[in-house]
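Both complexes below contain chain A, partnered by chain B and then by chain C.
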Partner chain A sequence: MNIPAQSLINSLTDIQSGFAYLWPEIILTFFFLLLVGLDLFKATAVKIMLPFVALAGIVASIMVQVNDLNNIASISIKHFFVGLLISDGLAIYAGLLFSVAGIFTIVLSLLNQNLKVKFSGRGEYYAYLLVLLTGLNLMAKSVNLLMLFVAIELVSIASYLLTAVIKKQRNAMESGLKYILYGTLASGVMLYGMSFLYGFGGSLNFTDTLFWQNLSRLSSPIFIAVFLLTFAGFLFKVAAAPFHFWTPDVYEGAPVPVVAFFSTAPKIAGFVVIIRFLIQIRNHLATILQDDLILLIGGAALITLVIGNFTALWQRKARRLLAYSSVAHAGFVLAALAALADNSISAILFYLTVLLFMNFGIFLIVQIFEDKLEVADLNGLSGLGKTYPFLGILAIIFLISLTGLPPTAGFTGKLLLFTNIWQNYAATGNSFLLVLLLSGLLLTGVAFFYYIRIPYFLFFKRNLSEGKKVMLLKENIILALLAFPVLFIFFQPSWLTNVIEQVVLYSK
Partner chain B sequence: MDYILSSLIFIPLLTVLLILLLPKQMEGAIKSVSLVATILQMVLSCWLFFNFNPTASATTDQGYQFVEKLNWISLNLQSLGHLQIQYFLGVDGISLSMVLLTGLMGVIGVVSSWTIKKNVKAYFALYLLLVASVMGCFLALDLFLFYLFFEFMLLPMYFLIGIWGGPRREYAAIKFFIYTLIGSLLILIVMIGLYTSVIDPAATAVNAGLATNASGATPAIVNQVQSALVSGTLASDKLVHTFSIPDMYQAKNFIPGSILHAFSNIQLWGYPVRLLAFLLLFIGFAIKLPVVPVHTWLPDAHVEAPTPISVLLASLLLKVGGYGLFRIVFPVFPEGAAYYAHLIGGIGVLSIIYGAMCALAMSDLKKLIAYSSVSHMGFVLIGLASLTVEGANGSMYQMFSHGLISGMLFIITGVIYDRSGSRMIQHFRGLAFTMPAFTVLVVIAFFASLGLPGFSGFIAELLVLLGTFASATVSGMLPRWMAIVATSGLLLGAAYYLWALQRMFFGKIWVHPEVQETPNMPDLTRREYLMLVPLAVLTLVFGLFPSLLLDKISPAINQLVQFILVAGK
Partner chain C sequence: MTNTIPLTLVLLLGAVLFCLGILAVITKRHAIVVLMGVELIFNAANLNLVAFNRQQPHLLEGQIFSLFVMVIAAAEAAIALAIVLKVYQYFQTVNLDQINHEDEN
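Entry: the complex of A and B
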């Protein structure tokens, strides 16, 4: 009998049917090619069109993702492409967040003077962004080590390019180079770990039961070593310690919209991958490894929290301050991941969703400071709150939310995260979780101290030089749109949690 | 008058919106609007005070009156049950006097703010925001709502000190914020622990299909739910976790096996978790009160804040700390109250003595008064810790009375500062010569504060000391020496006030030449009379007729003391 032929036909039909779940990536890739093609034309009319072409591509992919989200019950959990990828609630929701981040990035880029003036290859810029989005989508969908590695590399390469996109700016090249060096190192270490996983597990598919059964035969020190190596790459992507060193430099050198994007979308993707891994470990190896895992992930969380929050205290530039704040936020999410329960996933998704709005809001404010008012240092902000009260008040809203104080969604997010840690502590009785909870809460006090320095300079310090007042109408409207969900979700969190509950229900 | 409590909170909040719509130049209109709003709030709180029925407390819904209860946030946490946050307001004997105080001092503060010149619009918007959130704190019966208002007080206060304050305002503002924020984070930890452990029996009944709606849950059904909870027959996804403070009072509402359950013997680093939770909550509110080791933010904040903000800080914000002890810390963890009575009483005595000693050493009149606040808040602490009926009533009375008197005292420093730009005691002599009427009011305020019979401070401190003396035999909480040492605090109080009075007001008129070349200290203006005279009258009224207030508040406080004594044993 022709069994090989039959299996080939099966694989082919599987691949063919898999395309149905790949529409967002297909659309994004198509628009990427379109952008590259259009960029060849020199006419200004075409050049001006380019961002809007990219925007159209992302909107099209959002429409597919929203549709998927609405029909999530019928799509359910589906492996496709011979088990390389998975389409489940987590992947679809993460994809939606990436697309939203992409749209915000384009909006910020359109408002960015620096990108307009110093930079000619606009087509490339938007094309890279679409590739980056494609990579992120694939990352969230991967359940195969090799596929995961390819997706992460796609994201990384696009990220390196975006960092150094303004070639005339000196620190852009420097930060791009640093990013590449750290990034390749982390990728290498991760690949090394993955090779062990493949060798010991006998499969590349990490949702495979057999894979974990094989791994469970390993003695736990070896498994932990392998696990640490593999996680190096993931922790690099979420900017968690000790793989956070690239963050301040990249945040300082890259264009603001790109930084805002880096502080949200790749972080979300990284956490999705970590969640997928940890769920598998919990399902298959929990009995052996639970306490070790809490110690490892919790330890990373604790270091990240301490480094992020305390280093931020000494920063004098808004960008570097936000870079460390972004490290600190990764720490909070990791703390919730330390004892992963079903409920933690929804809390984390909630937190990451809120983070999206807060970070784009605060980075738009940073962009306004740098572009329109020409200040990068916190000192330079002195007295600007009195000249631009609306901007100042919105800055307070975003910073309060980043700190995690009511009445903002940041508070609800932190409340849900901390509740989870508490409940997991109650369930496991592992007092390290309580240490995490306490230090997380107390570090919120530290966080407040550095966040409040921005309003402190804005409102308390006198402005010595009388600068001319610039119009900020467009920026203010966008800022208000970003601030609205931050406040609204605090008063009506069920609006968001209901969606997330559905998503988690259909996640693997 | 169904929504009187909401209107108490929302009148100032809506006025903030109105002020934001007014153009910057209309300063007069902004001030008038704020005054009208606070007067309206005062009238409503007075109406509330006189219509509050103290004897009905046992029969109405869990002892609270004018209750407003709406579902606000309801989250389904699947296997962990439901999370319920309510818009839950109500008054009882514990919050009543504080609501009245907020209504009164809100108006006094606006009158005192009349001379503010810098950025009037923003000032009054923040001021009203502050008053609204203080009011919210006293009315909220849902811990989440309480916490929302509690945190929301910080931001307006931060800006009010930091923009309109004195030379070291930035330092004082950030210090105030960091201290209070650390306190509120400690409260947040326990808040998370509490809501994961406590269920709302009525809402759980609805969720489990035993009742059609929450108001239809009869006591029988509630009992049924509570016993099902104890026997473990309720599925965990049917449980409705709640932030409702009254639900937290009842041990029956705690989920068996949850960390904060009354009978849980879970230990953490050698201590029972419930006692640790009590300590965290206590520290959180003690920072706000403040008590001695964590009081250092208070003198700075007071000295740098503008006069009206000092008035609000002393008369209202400190009371939120004390109120938190009454409303949350003691009744939710009664065994902690009994276990740590010595410690709390000791800290109270320390605050009384140390605060008074510091006041004695101060040369800045405003700092002197700030430290006297620390000293007086010590009485609140020992009165409550004594867990006697007299002590707890006196403690509450002290909060109310100190609210009135400290308001007066800070206005007095404002009067001197406005005329001369200095508050140093040694810069002035013989002020009585040019300011006779002012001196009369100063004497009243000083004597009221040091506890002269006939003023409200006397009643409060007398009750507290009686309770503390009786405690050793009645409740067995505090040893007698604490009462004796605390009494000596009264002597110190007399010393620093009389000494300051003698130095500043008696003798021949003289002002330090660096302050004023020739002494120019005119007597009170009409606006200043308007603030000081009503407060002086009120301290006298409440000093001569304590039953005015005690009749309203003591049934609830007696009940609270009994409850803590029974549950804490």
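Entry: the complex of A and C
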């Protein structure tokens, strides 16, 4: 047999064996096609079934991911699909978080009155969600620039569609247009950066040692410029400054379940990609280039923290406040990433896991306020905590957790992040890390002021509206389910840290 | 192949395209013109990818990448135009300044 034929057969067997690590994506894609097919039927019985079909798809993928997590030692760390993708602890754990976020999004959508009334083509909404999840899973697994670009674009396109999915609503159209214009610009800039990474690195695979050896020959300003361009796309995905402008508009216009999803899952995926790059940079590049990068990412973290926290102070609408709070959270994670240390990963994964529960919790409360009580401004919340004590108390729990105060998991998360930054400062003596730590601590104090305004309005202002509406039992149960981990993880952090330790151990 | 265009010239052309794209995005207020600016940026990246591919002619990674970029850019443009159309039906304009409602930053 001649050599080209042999190498072709080798690649084909490699691709075939790779399918074993791709089950979550295969399942999600299958259910996506199923949803698109089912959506063609006009019968109401089929239409009502659609969200549950999507739910079944995500549950099936969760089962695979949990199984993978249990057998993590045998599964990771494996490259597959001719080196395009990797299966490791980080990817599996992130995939699990995406699926959990997907389930919460569907549950929130089922409870959302606005979606039910204004949204006729229900099937496509859930179909986009499944595509989005597929893209996120691929994003977390990519180790190749081409694969990464395709995955990020899959996520972006599905996100644009989800934002503008409710027609005939002024905010939704406006935010959809802004999102797609900012989004394509960010991916264009990222692509331009990637083209230089490919050109100077001589390969598309960014876990390749040769790739980084080639890059390390670059002079510092060119290197920084190339990374600045590439990271523009990633920072856009995690909503970090100076690429955060889309956040308030999209958070205001998109349906609440979609916003809750945007504030968690794509952010997690973006951070996984950044982590993958930073691990390689730490392992392969000279310290002088590393110091430049610390300054670059630390600078982005500092701007993000300041802009996110201070702008949130002036917001009068709950959604815009939470948008800037989400920017601020991205800043805290970036600050921990700036140290480029291996031990930051577990602290960051812990923080992102907690963020998932508290963000979905607070957005469910926002959704209840908007749907049932038609309140979008903070002023409108006046006295509602006294009328609906259960809702008010849970809102306080989630907000305390978002601020980072005990007794909630948000406190544990921030504590882990800040101790991690301190340890890295002590180890390296880089005074910029100390600046980051101090500003992080100070801005947590600022964050307290804008978060506390919601409970202040809820409990200490006089009630403006008369009458009381009935809260659904299922909404209360789901709120309690979301609040439980936020409290439980504070008292039993080892339950989560053990899993994360295991995950980080098998990450590349 | 002795008379090929030097790599730096192609990169320079790419950089010019990139800057023009950014300029269009920043200065123009018409949604479709902004999208055209973004397409220029994509094309600048494509030019780079194809040019850099000359370093390893046997691998074709850069050229394949540029094909993927073209397809994805087309998909993105289709969705962007659909959204622009919806915005026009609603606002009767695609001028980005007039679409902006009360901006409270």
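FYI, the second predicted complex is superposed on the first by the 504 of 508 C-alpha atoms of A that agree within 3 Å, B and C clash if a C-alpha of one lies under 4 Å from a C-alpha of the other, contacts with A are read in each partner's own complex, and residues count from 1 in each chain.
By definition in this document, a residue touches a chain if its C-beta (ideal position, glycine included) is under 8 Å from a C-beta of that chain, and two chains touch if they have at least 3 such contacts.
Owing to the predicted nature of the structure, the values given are computational and were not obtained by experimental measurement.
Upon superposition of the two complexes on chain A, no clash is found between chain B and chain C, which fit side by side.
Once the two complexes are laid over each other on the shared chain, residue contacts for A:Leu228 go to neither chain B nor chain C.
Looking at the shared chain after the overlay, A:Leu438 reaches chain B, while chain C stays out of its contact range. Touch criterion met: A:Phe449 reaches chain B, while chain C stays clear of it.
Of the two partner chains, chain C is the only one touched by A:Leu185; chain B is not. After overlaying the two complexes on the shared chain, residue contacts for A:Glu501 are found with chain B alone; chain C is out of touch.
Of the two partner chains placed by superposition, only chain B is touched by A:Pro406; chain C is not. Look at A:Met49: by the touch rule set out above, it reaches neither chain B nor chain C. For the pair chain B and chain C, the model built by superposing on chain A gives 24 Å as the shortest CA-CA distance. Of all residues in chain B, only 72-80, 119, 122, 147-148, 151-152, 154-155, 158-159, 162-163, 169-170, 173-174, 177-178, 181-182, 185-186, 188-189, 192-193, 195-196, 258-259, 268-269 touch chain A in the complex they form.
Residues of chain A that touch chain B in their complex: 342-343, 346, 386, 389, 396, 400, 405-407, 415, 418-419, 422-423, 425-426, 431, 434, 437-438, 441-442, 444-445, 448-449, 452, 456, 459-460, 491-494, 497-498, 501.
Per the touch definition, chain C reaches chain A in the complex via residues 14, 18, 21, 25, 31, 34-35, 38, 41-42, 44-46, 48-49, 51-52, 55-56, 61-62, 64-65, 68-69, 72, 75-76, 79-80, 83-84, 86-87, 90-91, 96, 99-101, 104-105. Those residues of chain A that touch chain C in the shared complex are 145-146, 149-150, 153, 156-157, 160-161, 164, 167-168, 170-171, 173-174, 176-177, 180-181, 184-185, 187-189, 191-192, 194-196, 198-199, 202-204, 248, 311, 314-317, 320.
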